[in-house]
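Shared between the two complexes below is chain A, which pairs with chain B and chain C, respectively.
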Partner chain A sequence: MQAEAKALDSGSVSQSLSTRSAAGGRSGGWIGWLFALPHLILFFVFLLGPTVYGFFISLREWHVLAKQHPFVGLANYQAALSDDIFWIALRNTAYFVFLVVPLGNLVSLLLALGLGQVRRLQTFYKVAFYMPVVISIAVVAVLWQWLYNTQVGLLNLYLGTMVNGLRQLGLPLSAFQPIPWLSDPHWTMPSIALMSIWWGAGGNMILYLAGINNIPPDYYEAARIDGANAWQVFKSITWPLLRPTTLFCLVFSVLGAFQIFGQSYVLYGGGAGPGRAGLTLVLYMYQQGFSQYEIGYGAAIAYLLFAIVLAFTAVQFRLLSNREESRS
Partner chain B sequence: MKRFLYRSQLGLHIVMLALALLFLAPLLWMLTTSLKTPEDIVNGLGAARWLPRPATLVNFHTVLNNVEEFPIWRWTGNSLFISLAVTALVLVVDSLAAFSYARLRWRGRDQVFAVLVATMLVPGQVLLIPSYLLIRQLHWFDTYWALIVPAGASAFGVFLLRQFFQTIPVELEEAAFLDGCGPFRVFWHVILPLSKAALATLGIFTFMATWNAFEGPLIYTDSLEMRTLPIGITIFQGHYNIQYGLMMAAAVLAAMPVLFAFLLFQKHIIKGISLTGLAGR
Partner chain C sequence: MPHSRWQRCCTLIVIAFLLTLCGGCNLARHNASSTSSKLEIKFWNGFTGPDGQTMAKMVRQFQVENPDVQVNMQIIPWGTYYDKLTLSLAYGGAPDVFILQAARFSEFASFHTIRPLADLYASAQPPLTAKQFAPVPWHESFYQGVQYALPLDTHPIGLYYNTKLFREAGIVDQNGKAKPPTNLTEFLDAAKKLTKDTNGDGQPDQWGFVITNQHSNWLTIAHQFGGDILTPDGKHGAMASAPCLQATQLMVDMIYKYKIAPKPEGVDAWLALRQGKAAMAMEGIYMLASLQEQPGLQFAGAPAPQFGPKQGVWGGSHLLCQPVGISPEHSRAGWRLMRFLSDHSLTWAEGGQVPARLEVKRSPQFTALPVQAQFARQIGYVVYDPQVPRANSLNQFVDPAIEAALLQLQTPEASMTDADRRINQLLARP
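Here is the complex of A and B:
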């Protein structure tokens, strides 16, 4: 993170230099426009435009096959707020965020702390932890469906062996009951969260590692001389100095976690899972928009999600404000 | 002894190695399963045998040869073509724009750039419905256009490259300008050659993200021939369901290209993430 801040600083230096930059100085300005134009066209048509357009859609009763799309004001939003299934989807999504953001960041941070310590094989470990990140969610979900199989899945096989081994050692455990990872509503979200943490932990790990590597070694040297133990070093040096990284990772984890879709979609074949326990906001939007063809209602769900994410982001950016000032 | 343990970090390595195996195990299990016969999958040593016995390629054979129902070669071709096309589009369009925001002056530049940065916080899923309608109106539904052109709108690459371009000393450009170069020649002969690493990073990110894209191909296409590999996987899944050997063979085929690309370019990728602060997903 500090590397990033540094890059931004040197950026602003060269930006002030660019006021006397030859290329920009004498060519009037329309050339600059021209360079930016191809991207700007795409940006306006396929990103900014749809972002605004989506809001107008959400204000209309918009069925795909209908010729007319009458304006209905906030009726779609009111419908969503009094729709029990919308609330189920919101609750499931919030539960997922609540599981995946703290736990996922904890895993990423611990892995990064380990990586920061090792002197050999660092690349090997990094590659191993990052590898799941580069795989498509479709592959990840299909693979974990197999690992989660109740009868012959790897997870239950090993858990069974472990529990039985402990029993033979005389621990007072009851016989192992295979865990219905994906078929019991109570297990659905924890299972999806575990899979998602495996899939994504490597990404934030790299960011935490970059943050750790940017802490000046002098601090650690001083702590060593003072005879601090590992926990004290972490508590009073690494953790506070890593704060910007931690907040940055949290913001983007929350942003990503609220948008969960592929996991449920692939695991439950486009359905909502047992007792709708796998239904998330984006999946519900997809079902309404593309299976029920209630485009207007789907857009309203999308904008409610947008509002929730924006509120979360705003709160977290408040916490980040010192850093963000240098950013813009 | 204690000193040796401290020096060699033995304890730390044992923990890290165990964790690394834990992270790799699902992938290895995917590969193992894909090489097993159905009986071996369900029964072999209580189904937890790590080495297939006998090892067989029959799953791959089945997956690759049922082209009527599962045109996997076509899907692979689609994924490859779309990923390459998006990567090319993004590299061209974003490098031009990033040069403009980093070096050229025009009215409103900084305000426009601020809008670009702000939209990086728009959740991509919000765009699905309006983009779908737009693609319908453009008659791009179920075509390559729908999966290629909109992907060029993202501001991520512009942001990444601008940040990199700003680290290039301005003096180099001034020298080029004194030699009579216009902005485009400065861009082409000075900026781009110095930015190969950044361009490679953005290119790899874009390729992998497009290869793995899920929502777009799911919503903007609907014919069997226009699907990409990730959607193809879900089509397999609907058909083979619990025939895990076949499912894992398909999964291995879909995952292999990105895994190879990652192993090949891991240095660039990991450096790119730590420099830009964005995981590229």
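Here is the complex of A and C:
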């Protein structure tokens, strides 16, 4: 209703604009374009233009310093697909997506559900959980680098204290060995994923919370009268009615997770981590394009990533919206 | 009526925005074209450490002696230096004089982005010839027979050792002075004596040796066994060759068999040396200032021990270059600056470098510099990274392979074979 009113209102504005600018021509549309111009210029110059140009570059042997950039067709794509490091990067990225998307959304949903129950200080908690989202990833990574430090990190300190405490209580545990969070290839991706969940969970939490608040309270009241318990309420009311929100959050989490870059870049100083365990696709693209200056090759990797993400998104939309339709 | 005012107001804002954009362009153009009466020379380098202060001092001195030239020196951290330099050489705005490190030189030369200097050398007064330079850095200033640079210095790695720990462990000469190892046997013997568990927790907390830079340490040892990253023709990877595998195995053994060096993960190896928790490291001469800053640290420098049958030590070089397409006027003024820096490289040496000019290297002032003079003894057998156009790109395979072997993620054979395969793939690209 509100949106409609807004639309009507803006309609009348444009109408009045057009009548007033009769000297400008038939509809006076030029003035609308004038307003859109600053954004359009920036959009074409910094987004659409480079994106299209990037495809053009990906079809060429293009070193930044070279004077000529010969056309090579799909050779860069072929080279990427036969480059085993590209596949290592893809595998690492997929592993990260697999860790972060389900777990991250679960954490966000749980936080939102919990916050829904909180009556006092709700805003305080909202802000507190949301806070990490507004911090730049560079700051987050530097912060967590300290938390993850094998020798002096807080995480190992707490774990060590906990294990030792349990041992003193007589539990048959072996002495705590500090976990090499960032320097052992097996721990690398889980560590990066944990940090990323902490960083991003607040964003989806707000969306889930909005979704929950949009569910009409009548349903809950009816359920209560019928004597449903908390789990039944969640399973039969909250979860199904949250489906559009879940779809949105999942799609955007997958999009975001595939583009992971800053985490590895900052934690490993532009490198790839131990045994390349921290190498992600965007990082590999960056290294090829901006460290090796092979921007043709880098652009090809970028377009391969684009294709993968596009395919994933299409599948997700199809799957989840089909279910949505079959329900209604 | 309110609509009309609102509309006018917004239109004004939009127009103001667009005008600012255009105005900004004009202003920028105007600034670029305004020149003073002096000839301006832009000089770029990456000397962010104490060496930058030394360089600034030399540039100031140059300006006093050359009042007609205004040098604008820009120090850019090495981490972003080559990005900026590459873009400026590709798309305009390049400096008139800039530093290239030996490891990156052939890449820039191969794309014909730097100016051949034969005419400037030919017209130099007093003449500047090969006889005045140490052969290795002089040779380094050529690419495929054309001279593109004026070599300023060489900076080989060398052995830094903690003299106090050496004396405590009884590794001394007949005068009671700490005695640095010169070969593998002496090195292992000393390192074993210097590796100690001082707090009795079963884990060593003082190490005989630390690997602070895997790349330079590996290349040094590999060359000593007769190996290199590439085959001599520069066309194939050679990291899985027998000499390279021997070198890699030796480094792995230092960690896991002889247990004289810590596993290079989660430890700040250089800090360990500074804090006296490690007795030896092979590092660049440019790290000297960092040790001198450490209060109470007693250390000395020596040539790197000879682990294999041959002499060899990894080194780098700072080369002074000019961009292709520079105006003759700027080129001549730039050459005066380059020449001045070369002639005054003793000042530069005090900042921690071995000068490329022989008369400076042989001067009593230089031989009096304790660590520099020791490291300079190696200058006849310094080896660089391979001189091929894609040298910089090789490192994306070389360094991870060394690391994988040292962390025992892969056997030396497997990691080096992987590296060779990837190097061959890269070199086969058009």
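Going forward, the second predicted complex is superposed on the first by the 290 of 328 C-alpha atoms of A that agree within 3 Å, B and C clash if a C-alpha of one lies under 4 Å from a C-alpha of the other, contacts with A are read in each partner's own complex, and residues count from 1 in each chain.
In this text, a contact is a pair of C-beta atoms (placed from the backbone, for glycine too) under 8 Å apart; a residue touches a chain by one contact, two chains touch by 3 or more.
Computed from a predicted model, the values in this text were never measured in an experiment.
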item: Between chain B and chain C, more extensive residue contact with chain A; value: B
item: Partner chain in contact with A:D83 - chain B first, chain C second, else both or neither; value: second
item: First (chain B), second (chain C), both or neither touched by A:F290; value: both
item: First, second, both or neither for A:T51, with chain B first and chain C second; value: first
item: Touched partner set for A:F35, first chain B, second chain C, both or neither; value: both
item: Footprint overlap on chain A, where chain B in one structure and chain C in the other make contact; value: 17, 20, 31, 35, 38, 149, 290
item: Of all residues in chain A, those that touch chain B in their complex; value: 1, 3-4, 7-8, 10-11, 14-15, 17-25, 27, 29-33, 35-36, 38-40, 42-43, 45-51, 53-54, 57, 111, 114-115, 117-121, 123-139, 142-147, 149, 152, 154, 157-158, 161, 198, 200, 202-204, 206-207, 209-210, 248, 252, 255-256, 258-259, 261-262, 265-266, 269, 282, 285-286, 289-290, 295, 298-299, 302-303, 305-306, 309-310, 313, 328
item: Chain A partner contacts - residues on chain C that touch it in the complex; value: 3-4, 7, 10-11, 14, 17-18, 79, 83, 86-87, 89-90, 107-108, 111-113, 265-267, 392-393, 396, 400, 403-404, 407, 409-410, 422, 425, 429-430
item: Parts of chain A lying in touch with chain C, wherever the complex brings them together; value: 13, 16-17, 20, 31, 34-35, 37-38, 61, 63-67, 70, 72, 79, 82-85, 149-151, 180, 182-185, 270, 272, 274-276, 287, 290-294
item: Contact set on chain B toward chain A in their complex; value: 9, 12-13, 15-16, 19-20, 23-27, 29-30, 33, 41-42, 46-48, 92-94, 96-97, 99-107, 109, 112, 114-117, 119, 121-134, 149-150, 152-155, 158, 162-163, 166-170, 173-174, 176-178, 182-183, 186-187, 208, 211-212, 214-215, 218-219, 229-231, 233-234, 237-238, 242, 244, 247-248, 250-251, 254-255, 258-259, 261-263, 266, 269-270, 273-279, 281
